[in-house]
Amino acid sequence: MLHPSYAQGRVRPNRGIPTRVLHQMSDQPAPAAPTETPKPKRQRRRSRKAGLPPGTLVHIGEPRVGPVTLQFMLFNAEGCLEPSLANLDELPGLLNDNQICWVNVSGIHDLSLIERLGALFQLHPLVQEDIVNTEQRPKGEDYGTYGFIVVKNLSYAVQDRHLLTEQISFVFGQGFVLTFQENGNDPFVAVRDRLRTGRGRLRTQRADYLVYALLDAIVDNYFGVLEGIGEVTERVEEQLLSDPKPEILKELYSLRRCALFVRRAVWPLREVIGTLQRGQSQMITEFTRTYLADLYDHTIQLIDAIETYRDIIAGMLELYLSSASNRMTSVMKVLTVITTIFMPLSFIAGVYGMNFDYMPELKSPLGYPITLAVMVLIAGGMLWFFHRKQWL
Amino acid sequence: MLHPSYAQGRVRPNRGIPTRVLHQMSDQPAPAAPTETPKPKRQRRRSRKAGLPPGTLVHIGEPRVGPVTLQFMLFNAEGCLEPSLANLDELPGLLNDNQICWVNVSGIHDLSLIERLGALFQLHPLVQEDIVNTEQRPKGEDYGTYGFIVVKNLSYAVQDRHLLTEQISFVFGQGFVLTFQENGNDPFVAVRDRLRTGRGRLRTQRADYLVYALLDAIVDNYFGVLEGIGEVTERVEEQLLSDPKPEILKELYSLRRCALFVRRAVWPLREVIGTLQRGQSQMITEFTRTYLADLYDHTIQLIDAIETYRDIIAGMLELYLSSASNRMTSVMKVLTVITTIFMPLSFIAGVYGMNFDYMPELKSPLGYPITLAVMVLIAGGMLWFFHRKQWL
Amino acid sequence: MLHPSYAQGRVRPNRGIPTRVLHQMSDQPAPAAPTETPKPKRQRRRSRKAGLPPGTLVHIGEPRVGPVTLQFMLFNAEGCLEPSLANLDELPGLLNDNQICWVNVSGIHDLSLIERLGALFQLHPLVQEDIVNTEQRPKGEDYGTYGFIVVKNLSYAVQDRHLLTEQISFVFGQGFVLTFQENGNDPFVAVRDRLRTGRGRLRTQRADYLVYALLDAIVDNYFGVLEGIGEVTERVEEQLLSDPKPEILKELYSLRRCALFVRRAVWPLREVIGTLQRGQSQMITEFTRTYLADLYDHTIQLIDAIETYRDIIAGMLELYLSSASNRMTSVMKVLTVITTIFMPLSFIAGVYGMNFDYMPELKSPLGYPITLAVMVLIAGGMLWFFHRKQWL
Amino acid sequence: MLHPSYAQGRVRPNRGIPTRVLHQMSDQPAPAAPTETPKPKRQRRRSRKAGLPPGTLVHIGEPRVGPVTLQFMLFNAEGCLEPSLANLDELPGLLNDNQICWVNVSGIHDLSLIERLGALFQLHPLVQEDIVNTEQRPKGEDYGTYGFIVVKNLSYAVQDRHLLTEQISFVFGQGFVLTFQENGNDPFVAVRDRLRTGRGRLRTQRADYLVYALLDAIVDNYFGVLEGIGEVTERVEEQLLSDPKPEILKELYSLRRCALFVRRAVWPLREVIGTLQRGQSQMITEFTRTYLADLYDHTIQLIDAIETYRDIIAGMLELYLSSASNRMTSVMKVLTVITTIFMPLSFIAGVYGMNFDYMPELKSPLGYPITLAVMVLIAGGMLWFFHRKQWL
Amino acid sequence: MLHPSYAQGRVRPNRGIPTRVLHQMSDQPAPAAPTETPKPKRQRRRSRKAGLPPGTLVHIGEPRVGPVTLQFMLFNAEGCLEPSLANLDELPGLLNDNQICWVNVSGIHDLSLIERLGALFQLHPLVQEDIVNTEQRPKGEDYGTYGFIVVKNLSYAVQDRHLLTEQISFVFGQGFVLTFQENGNDPFVAVRDRLRTGRGRLRTQRADYLVYALLDAIVDNYFGVLEGIGEVTERVEEQLLSDPKPEILKELYSLRRCALFVRRAVWPLREVIGTLQRGQSQMITEFTRTYLADLYDHTIQLIDAIETYRDIIAGMLELYLSSASNRMTSVMKVLTVITTIFMPLSFIAGVYGMNFDYMPELKSPLGYPITLAVMVLIAGGMLWFFHRKQWL
């Protein structure tokens, strides 16, 4: 139930990630869904790489067996094509200076595919290694002729409080953009629609603007996650202020962990976008930089919000603990009041229950009523005392 | 009940924001007050923007339906005019080099109006987008021919402990200042008066000084908010030191949250003003920079005060918890004292309540008085013991 | 009872600040002491300034009505004069290149006086505004022909745990030093003596060295405050380690707040002195800079000490809470031991107090002694058990 | 049980470190295993050095008596030799420009050996001193003709929650690499295999790349340690959420300490690798720098993960304490409910157990059943009350 | 009992500091030991200086009356002399370019001696003032012709948990080193031995290397202090894990304070050595800088260790508090179990102790055994219930 490295997929175990198969490479039937193949957890261990030469491709992450799909989009100001390639070797033919080619790979566990793409686009072995290792920390690197970006795509299921993490890598250069996702949720649907319909400036700009648009789509997802966390936090707070129950503790713990994971993804994301925007790279135009600056502002807003949530959650935990201690005290007060009232009364009853031969009170006809009256007086006095001490 | 993003309007739900309608654009009757139209909360979600091209105007924030009003002020050293325009197209005619034109927009949910103003003043699409998105973090940007500033205007209702947040955007350039507020409290009344009466240097300076004066008015509001928080803190502290009740917990929690939100608005405000003051912008004169430096000092003072309040509130929470634990212990002591005194006594009474045939004490005429005497001795001994242990 | 802004005068309300009237300007009888005029608290509010043009003089701070006194000292290496001026207009006649003129103003609530001085020395309106606003954060500013410094003078009354704060402003330039204090404790008595007697280098140096000497006097006061806090802390610690009582909590809370306020005054003071020492200002000679460096070291020492006190106070609070929890446990143990011993005994007594016709034990002559023996055995066993569990 | 300095070997005492004897220098029988020679702890004290001139070799660390072994590897693109030297004096003969010589020393307690190697490679006395002092903090230094690196090699035994620390020093220059390890776990087995088989680029590159590969092997070990900690954390969390027992406290404490130690090793490691990568040293080629940048990313990932673990562990401790307090309250509720129900009932029984002559209720045939009915009513009422208060 | 400024001498009051009188200046009998002269504490107050001109010598620190001793060492590569001077005026005769003169002053309360030395070596008045003020924060200053360093020498008595602090000042220039210590422990014994015997490089190097060697001796002392703290921490931890008693709290509090004080001495020490090493001063040779870099590493190691101790101590406190709360819960469980079992039983006994005339059960011969059986059943049921709830 614990996945502090990024590859965990989600913070709380759930029922399998819906895989959106878009364009299947081959006509083979889709393999069984991930949930049916509970490969040993050991599989996703980073330590599998220990001892291997650097640059060796090893898929690190939740074992996935869904189909690996590739999706090609070619566009320029005039139009947008979505060819279906029978073979990767046709790809170089698609690349030319008049259009931008976006290759989206869904599923990164097919290492040979990654290697072939790496060879086609002359990617550094370490880049290929990073693409298939889903435990990367978000980062951006400039390899001269192409840029490499790794970010996390998050989504949050309010219902069952699941945070799903997925790694998305970008490689972009002159006229091409490659994106690599694990086959989970596809955050790029809206961008694809804008490319097809030609809405916005997407088709008239260069590859860097497409990268911006894709990053923007991911950042927009983060806002959705924060809203989800906010909604849950709101509900928990309402419950906390009206009727705090012990279950709130686990809710708060889960919220806290979610916030921790989002924070862990957002902070380096800010760095990545800041580097892109302020960097020296020739691949980023001035036009795009303005938009990246805006995106950078969004990440700061995200950080601001997540830090606020963390503060609020901490405050709620404190409030819960304090009210728990208050409830405890009120329970103790009830106990003390009851004990303090009945102990003396029972004692008196006990005294006159003694069997001494010589107890003059017992003989008196007034003994019983006087005793009862004394008991009532004692009880009343106690109650008055507790009332004045505000225990009742 | 939770709004960690800025658009929340207020920290605790309340009865509707008093809208100060100043100069209504048309003669139509004012629409229903905000409180009467509880549009679904979902409306204010940031995620509505997901998937849209950047620069698309989407009003994000609490849904508002109050009338959108525009207010024009033209002034120079000689005088001040407040024309009522029938149509926005007359606006360009008002702009000339001899006077400064201040356009104040109250209500930002009329997107077409924002777009028309954006076209008139040639604002970047991202600026327009930011104006209508009330979840902005305070920021300042220099777009060459004009500057863009987003800040938060706060007000605090001591009575019901509400913190109201409102976003105010500034666009200013050669000879003009645009301000955009949500239609809540208008913080600019005093500045308008100074313009009308010609008090101070306001009419003799350029647009940047007006921006300074408006920012100064907002910062002065912050001091009011801090005084409000201070007043509440003071009251809570008095109650805490004299008679700490469990309700204090919720008060402290609410104070803490208010302080959190003020802090979240003040820190970036400091940055904004610091950037304005030290920036390279041609639009800020040396004269105004001196005043901005003073304003910057004020924001540091605000930060200093809010951090101190946070420390004080944390200290009070600690004190409350500690005294709660003290009270608990004193409750337990009462319980323990009562139990410890009466248990042995009741036991003795129980012993002589046994029905054994052969119990010589029962026959003795001294049995009863001696038993009572022993009981008094035991009780006295216990009391002395507890007194020595300082439990009484 | 809460004044997180500086103007509060003292952290805990007390009986009036001893005003040291030095040279009274006029022969009018001194007005009533501050304590007799409990002007509404609202008076000291910073928000009174809201809406006023910048540079408008408004006295912000505790309302004071004591006499405003001015004190003039003229000195050079040869000697020292203390003229008594009938009229402020004579002041310019005193300023010449051969001597240094120190004007000390005690009491800053006479706004017209401040304005006249401001006009005489050509002070920027914002400087005048800052002088009369006692809620300033310590700061230093260079206005070219003169320097402006605002600091806090602290004193601590160990007896009643009061921290008194007072704002002192300095304006200094070629041949003159102006100091403005609220009419509270005068920290400059020793400096005046040194000027009169000619001890040290004070009379042979320029104005900047006088400023250093005055700042040094204030910093020396801080050491006194820290020693006072240290003394109280020491006493509280002794009590905490020997006999922790609930009252300690309030003591700790008060100490914590004092430390918070001292800290809030010392940190910006360090900046002020550091800026003076390392700044480019022509008004500070190399000779004085060496001494300012020493003073800077003193402020670092102060910060070091105050942070240590805060750590120590936090540690004491923790220790108190932990021992409180220990005491609670020991109370509970007593309760549990008593209950556990007497409950079974009382039960046995209760059994043989039942009135069944057929209870063979009751008939037996050994019934009573055996029952008593069993009771003693049970009690002994319990005691042995608790002893082994180290509850006794 | 406490070793905050690095020499501690492990965080929790265990049964002796498996020593992997690779190539024994001499034919002498291996001395007794470390566990059999519990030399006084005092031996490993850093203070033994006090008073000695700097550069004096003193072995500081856990006393070790295992055999000191040396292992030589000579390689270039063509092949790889592993000569067995009878005498250290043969070593200079192996060094030439055509091949790279890697000398691995396992066991650093043979000071004369270190001194002879130091003389051969002209190492600065301080470097020799640092090699034999296992309490070094990870660091990297450039001595012009050679570089010196000290890092920690960690391994974690999930079974008994032991963290083993071992110091490894590197000296590398033109054509040679010296590594010094305490004779514990050898992390270099895989690298040796790659050298022998010629897999990867190891044999074709210069000495700096070998250093990179060895550091990479150590960093890979850290990932293993983190996975171990993660596994334990996961188990503890599961237990915490299902059935929190007091033993969890010690588990959490131990985890926290492990995380503390890993963190203490990783932070300076990051600096070391960052300095290597960005440094001016001529010994590091551009080619290797790319790989070092990748390694640097890995250390950041490690830091990220360890900080997350610390946050998670802190959260678990909080959760444990909160649920402990909840359990306490529920225990108290049971006590209160039982007491509150039976105290009044027993009192009533006590009243009718009194022996007054005149108690009319006792005579009535309905007295007993009515009394029982009243008791049932009281008990029922109490239960209903507690049910409504949600105590049951 | 509280001395957060450095002059406190020790953290916990103890029986007087052993004074090591080395070379007595005069033949007068040594005055009474410090413990016999409990001068009023007020003596050591920093505030005594308030009002005095800067540069006035005032001894601030624990009042000391031990003899002030001077010790002269003259050395060069050839040999080492330890002359005994009858009069300070002979000192200038000893200074020449061929040898280095080290003057060690033990005891700084003889102000006239300090002044005479100050005149001889032309020390700045502020330097003289700093030498006799033992509340200095460690610092290093370059006065052109000489350097001035103030550090703290610590020692820790494990037995009575005392941390002793002592201030040591260095003045060093061309051919001379002055050291000033309070007359407590002398940390320089080993250095003196090395000078006498000529071991190491000490006699062949210049004055800066001697300063390094002396600082190294002090830093070595810090390692001893840390080992002492580590030893105590270890013992406390063992006790905490096996048998946590309330006394541990005070131990932890004392450890925490010690760590706080060491930390307060080490952090500025690091700065001092770092400044020496990287500074521009002509007095430090390249040769010495290498050694200073090593010393700098040691201070970082010290900081690393002290921060780790602080973390560990905080963790132990948390563990203690958590186990205290666990013990509390277990006490409460015992109470609850006993109460819950015996309350119903006593109630039943009470019922059949009632004296109603008509109670059919009392007449039945089976009444008594059935009642006993029911009691056993109830008790058994309760025990089974508590067993299932894991309270037993």
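We call the chains A, B, C, D and E, going by the order they appear; numbering starts again at 1 in every chain.
Assume a residue touches a chain if its C-beta (ideal position, glycine included) is under 8 Å from a C-beta of that chain, and two chains touch if they have at least 3 such contacts.
Heads up on the chains, UniProt names are A, B, C, D, E = Magnesium transport protein CorA.
Everything quoted here is computed from the prediction, not taken from an experiment.
Chains touching both subunit B and subunit C: none.
In the contact between subunit D and subunit E, the residue numbers used by both copies make up under half of all numbers at that interface.
For the pair subunit B and subunit E, the distance between C-alpha centroids works out to 45 Å. Between the CA-based centres of subunit C and subunit E the separation comes to 28 Å, rounded to the whole angstrom.
Across the assembly, subunit A contributes residues 325, 328, 332, 335, 339, 343, 346, 350, 353-355, 359 that each touch 2 or more other chains. Beginning the circuit at subunit C and passing next to subunit E, one meets the chains as C, E, D, A, B, using touch as defined.
Of all residues in subunit D, only 1-5, 45-47, 49-56, 124, 126, 135-137, 139, 141, 246, 249-250, 253, 256-257, 260, 264, 268, 317, 320-321, 324-325, 327-328, 331-332, 334-335, 338-339, 342-343, 345-346, 349-350, 352-355, 359, 361-365, 367-368, 371-372, 375 touch subunit E in the complex they form.
On subunit E, the positions that touch subunit D within their shared complex are 189-191, 193-194, 199-202, 213, 216-217, 220-221, 223-224, 226-227, 230, 233-234, 237-238, 241, 290-291, 293-294, 297, 300-301, 304-305, 308-309, 311-312, 315, 318-319, 322-323, 325-326, 328-329, 332-333, 335-336, 339-340, 343-344, 346-347, 350-351, 353-359, 391.
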